[in-house]
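Shared between the two complexes below is chain A, which pairs with chain B and chain C, respectively.
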Partner chain A sequence: MLIFQILLNAIVLGSLYACIAAGFSLVWGVLNVINLMHGSFIVLGSYLAWGAYNALGLAPWTSLLIAAPVFFCLGYAIQRGILNRVIAAPVLVTLTLTFGLDLMLNNAMLVAFKADYRQLVLDPSLGSLSVGSLVVPIDRIVATVFSLLLTLALFLVLRRSRVGRAIVAVRMDRDASRLMGVDVPSIYATAFGLGAAMAGCAGVLLAMIFPISPIASGSYLGKAFVVCVLGGLGSVPGAVVGGLFLGIVESFGSLAFGPEHAITLSFGLLIVFLIVRPQGLLGKQGFE
Partner chain B sequence: MLGLNFRSRSARMLSMFACAAVPTLGAMTVHAQEMIRFGAPLPLTGALAPEALKQQQGYNLWAEQVNKAGGIKVGSKKMKVEIVYTDYQSNTPRAVQTAEKLITQEKVHFLFSPFGSGAAKAASTVSEKYGVPTIASTASSAQVYDQGYKFLFGTFTPNDTLTTPLVEIVKQKAPGVRRVAILARNDLFPLAIAQEMEKAAKQQGLEVVFFEKYAINTMDHSSALSQMKAQSPHWIFATGYINDLVLIKKQMGDQKMEAPVVTMIAGPAYQEFITATGKSSENISSASWWHMAARYKGQDIFGSTENYTKLFREKYKVDPDYAQASASVSGALFQMAIEKAGSIDRNKVRDELARMNVQTFWGPVKFGPNGQITSLVPPVFQIQNGKTVVVHPAAIKQGEFKLGVN
Partner chain C sequence: MKNRIYYGAIVLLVVFGCLPLFDSSYALRIGTFACMYAIMAVSWTVIGGFTGYPSFGTAAFFGFGAYCGGMLINKGWPLFAAAGAAGAAAFVSALVLGIVLLRLRGHYFAIASLAVAEVLREVTNSATELTGGGMGLNIPVSVTGSNSVMDEASFFFWAMWALLLLTFMAVRVIQESKLGFGLICIKQNESAADMIGVNATIYKSLAFAFSGVFVAMAGALYAAWVHYIEPPDVFDILFAVKPIVMALLGGLGSPAGAVLGAFVFLGIEEMVWRNYLQIHSGVLGLLVVVLLLFLPNGMMSISKRLGLTGGHRG
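Here is the complex of A and B:
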C-alpha cells in the first residue's frame, strides 16, 4: 500500500512541477531566453493569492482570473520594454539581464513582504480524500486539476489560435516568420506574457500548498530548470511529462535512498540528461 | 588639453585629500562619541532571514536601552554602543568573510556570532585568530565549543538539555508512547538535536522506528511522511526551521497523520509558526532555551524577565521569543563584563566573561570551561489554545502536558 501512496504523492507533486515549468519552458523554447525571474513571478503569484484571500476572501481558484491577465501584462511589458532591446544578443546577455531584474524583483518583495513565511490557510480546510488507506489532500487535487487545465489551455493556445501558431512559427524559424509577415517583437512579448501568466497562476495554486516567502523563488526556479531539461524545451507536453517524471523520481528516490537524497537525485538526473539526451524526453533536437 | 590636464590633476589632488581626510574625520567622530563597536554578521537575506531579523531585534533593543542610559560604564566614563551589521546572505562561507571584515576593516571591539551552530563554528576560527571575545547567541551544538577556543562563549545549553526533559515528561504522562519517528533537517543544529533525541529515547527504552534526514530547501515531504506513517509512530519528532516545520505540519495534516505526541524544534516557539499552522498546531510540544513566562530577576540592564518582555512589546508590538532574548542577553553579558573589567581591552573582557556568574533576565549565567553556558534549565512548552504554555520546569510551569495532535 505504501508504494501506491507514494505513487499517488508522486503524480500530484509531478503535476505541480509541470505547472511550475510550463511557462519557463515556453519562454526558453520560443525566445531562447532563460528567464531567471520565473521563480519570483511564482512567489509574486502566491502573494497575490494570499492577499486576495485574506483581504477580499477570494478563493485561490478565483484569484486565477486576476493573476492571469495581471501577470500577462507584466510579462508583456517587461519583454516589450526591456528584453526585446537585447533579444538578438547571445543568450548570456538575456540571462544576465533577467538575473539582474530578478534581483530587483526579489529584493522588492523582501522589502514589501519581509522574509517571513506566510501560509494561505483555507478556512474551512478542504481536508483530504481517503480511498482505503490511501490519502490525497484535496487542495493538492484542486491545484493539480487547475495546473493540468492551465497547461492544456496553453497547449491549445499554441496549437489552435492564430497567435499560438505564430509563436510556434517564430520558434521554428524567426527569419522565415518575419518574411511571412509575423510581427516578431510582438510575438516575443506575447510568449513572454504567457510564460509570466503561467508562472503567476502556478504561484496562486501553490500558495495553498507551500509556505510563501520571497526566498522560495530559487527552489521553484531550480525545479523548472530540471523539468525543462527532462521534458524538452519549448514543449508543453514535455513539461507535463518532465514534471511527472521528476515527481516520480523524487518520491521513489526518497523511498529507496532516504529523503535527504531526493534533491541530489533530481540534479543528478539533470546532468545525465544533459549528457545523454539534451533534447529531453519530448523535445526535438536542433534548437540552438 | 591643458585645461583637461589641469582639471584631472586638481581632481586627483582633491581625491587624495579626501582619501587622507575621511579616515581622520571618521576617527575623530568615533573618538568624540566614545563608541564601543560590536560586529554582528547576520543572514539578513536568504533562507535564514527570518531568524536573522529576530537576532537584530534583540541586539537593537539592548543597544537602545544602553544608549538611553548613557552608555556602558568603562572605568570612570560612559561609552555608547554601536552595532555594525553585515549581511552574509545565508551563505556560511560568506559569514566567515564578513566576520573577518568586521574585525579587520570595521574595527569592531567585540563580535556576536553569525546565526546557528554551523556558521558560529565556522566564524569562531576568525574571532579566535584575532583574539576578539565573541558571544554566540544561537549556537547550542557541542561541536561549536569543543575546539578548545578561549574567546568563544555561548548562551545556549547543549542540545541534550532540550531533549532529555522532553522524553522524561512524555514517559511520565504517556506511558503508552513507545514508537518514536524522527525526521530531521540535514543541517548542523537540527540534525544534532534529532540525534540527541534518538539517544535520549533509546536510553528511556523507547523504540525509534523511523529516523530520516531531509535536505535543506526540500519542497515536499509527502514521500517521507508516507513512510513515517506506515510505521504507526506514537511520537513524531521533527526538526528544522520555521519554513520546514510549517510545511511538514501542513503535509502531516494532508496525510491525516495523528499521534499522541508531536514535537517540533525549533519553530513552535515563534508566533509566526502558530499563525501559519493555525488550529493544527494545537498540542505540538517543543523546547527552547528561554520563555517569557520565566520570572528571573537579573543584575543586567533589563532587570527582570517581566521588564524585558514589557520593553520588547513596547518596541516591536509582539511577544519576544528565545532567539530575540538570547541576542539581547548576549549584549547585556558583554556590558556586564566590560563594566567589571573597567576597560574595553579584549583580553580583560574575555577573562571577565570566563569567570562570570550572574543572574540575568535570561536566567543564571555561568559559562563552562569550553565557553558554553552550563547554568540554564531550558523550558519545555506546548501550544495550547493558540498560545505557548510552559509545562516544565516546575518553577515556571503554566499548565499540564496534553496528549493528542492531529
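Here is the complex of A and C:
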C-alpha cells in the first residue's frame, strides 16, 4: 500500500510542478527567454494569497481570480517596458537581464516581508480524506485539481483563442507571422504576461501547502527548469508530462535513496536528458 | 594599435601589485577579492566571450578547486602544489565533461553548466566522510608559517595577484593563437568552422577546460586563505553570474575588458554594500539592468568610440 500512497503524493507534487513549469515553458518557447524571475513571481503569488486570506478573508481559490489579472499586467508591463528592448540580443543578455530584475524583485520581497517563513493556515482546516489506508489532506487535493485546471486553461487559450493561435504562430516562425499581420511585440508581452499569471496562480496554490519565504524562489525556478527539459520545451502537454515524471522520480527516488538525494537525482536526470534527449519526452527534434 | 590596451592593462596590473605597501588589511582583502573575481571573469571570457557559449560553470570550477585544494592541503601538501593539482584535475574533468556538454547550445548549455554546479554541491554535501558535508571543511594549516595577520594577508594577495597575471597572459596567448582564432570562428558560425577544418568538439572542450583551470586554482587559494569552506559558500550561483556581468560590463570577448569590468564592478559593489546593506542585492540588480539596457557593449566600447582600439579585440 505504501506504493499507492507514494504514487498519490507523486501525482499531487507532479501537478503542482506542471503548473509551475507551464508558464516558464511558454515564455522560454515563444520568446526564447529564460525568465529567472519565475521563482520570485511564484513566491509573490504566495504572499498575495497569504495577504488576501489574512486581511480580506479570501480563500486561496478565490484569490486566483485576483492573482491572474494582477500578474498578467505585471508581466505584460515588464516585457513591454524592459525585455522587448533586448529581445533580439544574444541569450546571455536576456538571461543576465532577468537575473538582474530577479535580484531587485527578490530583494524587495525580503525588505517587505522579511525572510521568516510564513504559513497560510486555513481555519477551519479542510481535514483529510482517507480511502482504505490511503490518507490525503483535502487542501492538497484542491491544489492539485486547481493546478491541473489552470494548466488546462492555458492549453485551451493557446489552442482555441485568437491570441493563443498568434502566440503559437510566433513560436513557430516569427518572421512569417509578422508578415501575416501579427503584432509581434504585443504577442511577446501577452505571452510573458500569461507566463507570469501562471506563476502567480501556482504561487497561490502552493501557499496552501508549503511555507512561504523569498528564499524558496530558487528552488521553484530549479523545478521549472528540470520539468521543461524533461517534458519538452514550449508545450503545455510537455509541462504536464514532465511535471508528473519529475514528481514520480522525486517521490520514489526519496524512498530508494533517501530524501537528501532528491535534488541530486533531479539535476542528474536533467543533465542526462539534456545529453541524450534534449527535445524532452514529448518534444520534437530540431528545436534548439 | 590593438596591443596598446593589452600592455596598458599589464602595466596597471603590475602597479596594482604594490597594494600591500599601503599596509591596510582592508585594502588587501578587497584587492584579493578583486584579483579573484578578475581571474574568473578573464577565464570566463575564453568560453563565453571567444567561443560564444554562455557557460555558468564558473561556480562549479571554483567549488571544485576549493574542495580539491582544501583536502590536499589538509593531507599535508604545500599550497602551490595543491593549487596546481586542483587546476590540473579541473582541466581534465572539464575536458571530458566538455565533450559531452558542449554538444548543447544556447539556453540548454547554460542550464546544463548550471546543473553541474548544483550536482557537485549536493554531492559534496552528502560525501560527509571526505568533505565534511554540510558542516564544511576546516583548513587550519597556516601556509605562510607566520603568525602575523598582515603577512598572511599580503601573501595571499600576492598569490592571487600572480595568478591573475598568469591567467591574463595565458588567455591573451590563447586569443592570439590558432586555438583562439578557431574559437572565434566557432562563435561566428560553428558549422562553417567545422567545414574549413576546425575540430569544433576539441576546440570547444579546450576552451571549456581553459575557462576552468585558473578558476579552480583560485578556488584552492581561496580555501587556504579563508581557512573554512562549505558547499553553499563555494558553489554559490553568484560565482557563476558575477563573472558574466563583469565581462559584459567590460566588453564581451576582451580579456582586458574583463579585468576592468571586475575591478569596476567590485568597486561599485563595495560602495553599495557599505551604504545600502539592506537593499544591496536590489541595487546590484538595478545596476545590471541599467548596464544591459544602456551600455550593452561594455566599457571597452567607450574606448573604441574614442579611437583607442581598432576592431573587436582589446
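To be clear about the criterion, the second predicted complex is superposed on the first by the 287 of 288 C-alpha atoms of A that agree within 3 Å, B and C clash if a C-alpha of one lies under 4 Å from a C-alpha of the other, contacts with A are read in each partner's own complex, and residues count from 1 in each chain.
Following the convention adopted for this analysis, contacts are C-beta pairs under 8 Å (C-beta built on N, C-alpha and C of every residue); 3 or more make two chains touch, one makes a residue touch a chain.
Treat the numbers as computed from the prediction; the structure is a model and nothing was measured.
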Looking at A:F267 after the superposition, I want to know if it touches chain B, chain C, both of them or none. Which is it: first, second, both, neither? second
Is A:I275 in contact with chain B, with chain C, with both, or with neither (first, second, both, neither)? second
Tell me which partner A:D175 touches in the superposition: chain B (first), chain C (second), both or neither. neither
First (chain B), second (chain C), both or neither: which does A:R118 touch? first
Contacts on chain A seen with chain B and repeated with chain C across the two complexes: 107, 218, 260-261, 263-264
Help me check something: in the complex, which residues belonging to chain A touch chain C? 28, 32, 34, 82, 85-86, 89-93, 95-97, 99-108, 111, 218, 222, 225, 229, 260-261, 263-264, 267-268, 270-271, 274-275, 278, 288
Within the complex, chain B is touched by chain A residues 1-2, 5-6, 9-10, 12-13, 107, 110, 114-119, 121, 123, 125, 128, 130, 135, 137, 139-140, 209-211, 213, 215-216, 218-219, 223, 250-252, 254-255, 258-264
Provide the residue numbers of chain C that touch chain A in the complex, in ascending order. 48, 52, 54, 100-101, 103-108, 110-112, 114-116, 118-119, 122-123, 125-126, 237, 241, 244-245, 248, 252, 278-282, 284-289, 292-293, 296
In the complex with chain A, residue positions of chain B that touch it: 45-47, 49-50, 53, 90, 183, 186, 212-215, 217-224, 226-227, 230, 242-243, 246-247, 250-251, 253-256, 272, 276-278
